[in-house]
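What follows is a single structure, written as structure tokens, with notes after it.
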Amino acid sequence: MINSGDTAWILMSTALVMLMTAPGLAFFYGGLVRRKNVLATMMQSFFVLCLISIQWILWGYSLSFGPDKGHFIGSLAWIGLKGVTMAPNPDYSSTIPHLLFMVYQMMFAVITPGLITGAFAERMKFSAYAIFTIFWATLVYDPVCHWVWGAGGWLRNLGALDFAGGTVVHVSSGMSALVCALYLGKRRGYGREPMPPHNLPLTILGASLLWFGWFGFNAGSALGSNELAVWAFIATNTAAAAAGLTWMFIEWKATGKPTILGGATGAVAGLVAVTPAAGFVSPLSAILIGIAVAFVCYTAVAVVKLKLAYDDSLDAFGVHGIGGTLGALLTGLLAQKLINPAGNNGLFFGNPKQFGIQAIGVVATIAYSVTVTFILLKIIDAIVGMRVPDEEEVIGLDITQHEESAYTLLD
Amino acid sequence: MKLITAIIQPHKLEDVLQELDKNEIHLRTVSDVIGCGRQKGRTEVYRGRKETGGCLKKVRLEIAVNEDFVQPTIKAIMAAAKTGNIGDGKIFITDLVECIRIRTGEKGQEAIG
Amino acid sequence: MINSGDTAWVLISTALVMLMTIPGLAFFYGGLVRRKNVLSTIMQSFFVLCLISIQWILWGYSLSFGPDIGHFIGNLSWAGLRNVGLAPNPDYAATIPHQLFMVYQMMFAVITPGLITGAFAERIKFSTYIVFTLLWATLIYDPVCHWVWGTGGWLKNLGVMDFAGGIVVHITSGVSALVCALVIGKRRGYGREPMSPHNLTLTVLGAGLLWFGWFGFNAGSALSANGVAVSAFIATNTAAAAAALTWMFIEWKLVSKPTMLGGATGAVAGLATITPASGFVSPFAAIIIGIMAAVICYIAVAVIKLKFTYDDSLDAFGVHGVGGTIGAFATGLFAQKLINPAGANGLFFGNPSQLMVQSIGIAATVIYSVSVTFVILKVLDLVMGLRVSDEEEVIGLDITQHEESAYTLLD
Amino acid sequence: MKLIIAIVQPHKLEDVLQELEKAEIHLKTVTNVLGCGRQKGRTEVYRGRKETGGLLKKVRLEIAVNDQFVKPAIEAIIRGAKTGNIGDGKIFIQNLDECIRIRTEEKGHEAIG
């Protein structure tokens, strides 16, 4: 039975998650790069929205959610949305049209490769990016999504809890981002020349829209306009706020001043970490998650990254990979059946097994994403080359990849 | 006629302009520039990464004056821009061969100011 | 009984009101300051979202809406959301989870101290700002909110009508803003040096998002997807449009040209003014209220402020304080039981006593907010100092308070 | 060789560039600047508050020319920039001791243009 209230909420949530990719992520990343690369960076988010919207309808949805093949991937039975209709599919959600579930999940498939772009910003060839994205979505996102959320997926059968995509979205993209950063190498002059963000207000605009859209991402994942959506909504807002505050206070102690970039980064880290947990934890647990993720991600971004000197340019790994991993593990500690009877209790509520299951989910996702991403990069590098030539990098990707520039100097 | 080019701290601009006005020196052109000398750059911190050693934001003032205004101009700039700290800036003075007011076509001494 | 349609609408309204604070208010204010202060101004809005999100869960909600103590304030029995469950609380909203009502109200508690920041922009010390906000929210917002909206609150018992927060949000913050501007004093060089807005496109973006979010603020205050919500939605849009048009025509006649900033300011003034009335008045009354808002706020901002030379830098008092007061008053004139049977008729519909009740509500709120704000400021001035040093003010708050700058000059 | 610095109204820039092209003067550098001289600043109104006396937006042209091109350059700038109103701008002319084309290391007359 289709419920009009549930349908209204998921329609709106779908639009909210779309907003996260463009302009949310596009501006969040766009403000952080140098003036000469802002369009190229935004283009990567914008392009992925166009590309995966088509891929998902043609074969992505079928691979992810279609009838199971060996607990590993969906079959091609739903290719081109064959058999996906207005009738609700009770495996996934019994009160909204199956097509609405499909398009809602599409927006997740869109944003996930978009997150990776933070790792190779300012130096990736656009043609290579387009090829990488379509293969990554098909070979990494779609299978992992099937494992965790698809009917018959092996992690789902195992009982792994991932409310809104901590492993599916953030661990898969964040870990792949690290591989990309290592494989592509540093930006020319990294560590030697200053590379300050060219327009922080754009970044804050993006972060704010991400926060806004995340309500659709997490509370929408209840797939209904119900109590569970309310829990997830509150956990989302609370973790973001707690992580933003914590990050700023860490900076205040560590480097002398609280910064707005720190606040925004902290908030996004908090949102990432609470994603897998949102529908399973209480508001006070959400505060804990927020505080923990701020400490861990701050260490990853401001200490580990500088020490190991890899150029994860916009901290896709440091925020999404680390934050997602932490969130998935914390779900195994803090989940409560009291909040969501469909879930399970975590370690702190008497069920240590759940923590083990979460760990298996995280490790499997990391191992698989890292391996496939590495192979993809190798192949694409051999065929079209991943990086732009040195000279084009110095001139900037806006001009060399897209022949346009973001700002005029005179009137 | 001389062209005085001064590179100063951005936050001293208001003071310098006021001081110049007091000395009846009105013609000036201001632009944003970046540069550095002995001052090695303010530290800014982005996600824990310290950015130093880059060029600093400065303001460039160009003032065209007749000979008798050269000293007052320099004094005015010094009075307002000097803090005694590294990074206060520099003043360059070059000869000006000609000056033309576009509206009237006047040249030389009359055209200045 | 939880209704999924009502829940969907209030969920999305909550997200919309969150959007008003960041990026709405942040950019509305951020564009108006000088280039060297844009991040610190945006930071004030960003920080208040993080801070009050936590404060509200820990004790703010309990003080505002918890069981009544002496008609003045809620008690602490709901602190940490104890006893705030998913079952609807019929005192406040019978068809949505109680927790959803809590988080919806949270976003109002967030934006209210955010509005004040317009009064002390470009000169307040960040550490003092944090303490001020926390005290102000606890000592002013929470009690006044309880008076007007909390069960047992004395203004609620008196019959004061405030649909979406004209008194609770706009009067409290607006008059406190005036006190802040007076106690903290003018910006260095105010009236002597030009202090033009550094990027009006940001301001227009912010105003646009405020208008968008205000649908959640006003129409969401129906707490249900029903006729009252529709009526509030229409009144909101109508008043904003009427006020923006009026403001631009005033400028055209009195000064010379209609300005974009004038249009944006007029729209926000119209929105602030219609807030208390939105669920009680007809669209035609909304037009009149919009026109009144533009005329009176214009006089406040462009005549009175310049005459008395206080530096209400971004017109928090002139727009929100004055607008909120006109709105609360106009509610006593234009309210109609025909529109909202839960309300009362105003003077024009045969019930002069309502105007008296509204006036009492306004007067009590103004007196209370002004005196408590004054005391808080005086104490903080003694303990930690309100303003940054003169030199820091000239260098700019972005560098001196946060060690970052908004824009790069090259690349 | 001379270095010509012209400060002109931003909305006349297109005309000036066209006139310079016509006069076969191709080498130029353009920057945004703020400035004022006799013209005391445009009034802008923000929420009823008038802002006056601030510096005005101008455009600064730098043109290096050989001596025989000085007159044509000045004439071209005046043709392009002159409206007869206050605020049309100024032209400054300085001696240029040396000019070097980086690509070829040519010096002097050949390097210009």
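We call the chains A, B, C and D, going by the order they appear; numbering starts again at 1 in every chain.
By definition in this document, contacts are C-beta pairs under 8 Å (C-beta built on N, C-alpha and C of every residue); 3 or more make two chains touch, one makes a residue touch a chain.
These numbers were taken from a predicted model, which means no experiment stands behind them.
K.L.:
Tally the contacting C-beta pairs at the B-D interface and at the A-B interface, and name the larger one.
P.N.:
B-D is joined by more C-beta pairs in contact.
K.L.:
Just the number, please: Cα centre separation of chain B and chain D in whole Å.
P.N.:
18
K.L.:
Report the inter-centroid distance (CA atoms only) between chain C and chain D in whole Å.
P.N.:
The separation of the two C-alpha centroids amounts to 49 Å.
K.L.:
Please tell me the distance, in whole Å, between the geometric centres of chain A and chain C computed from their C-alpha atoms.
P.N.:
Centres of chain A and chain C (C-alpha means) sit 33 Å apart.
K.L.:
What are the residues of chain A that contact at least two other chains?
P.N.:
In chain A, the residues touching two or more other chains are 196-197, 255-257, 259, 261.
K.L.:
What are the residues of chain C that contact at least two other chains?
P.N.:
In chain C, 403-405, 410 touch at least two other chains.
K.L.:
Mind pulling the chain D residues that touch 2 or more other chains?
P.N.:
In chain D, residues 31-32 touch at least two other chains, as defined above.
K.L.:
If every chain is a node and every touching pair an edge, decide which shape results: line, ring, star, complete or other.
P.N.:
Contact map by chain: complete.
K.L.:
Which residues of chain B touch chain A in the complex?
P.N.:
41, 44-54
K.L.:
Once bound in the complex, which stretches of chain D touch chain C?
P.N.:
Result: residues 44-49, 51-54 of chain D touch chain C.
K.L.:
For chain A, which residues count as touching chain B in their complex?
P.N.:
193-197, 251, 254-257, 259, 261-262, 265, 298, 301-303, 306, 315
K.L.:
Which part of chain B faces chain C closely enough to touch in the complex?
P.N.:
11, 14, 32-34, 42-46, 55, 57
K.L.:
Note which residues of chain D are touching chain B in the complex, please.
P.N.:
2, 5-8, 31-38, 55, 58, 60, 74, 77-78, 81-95
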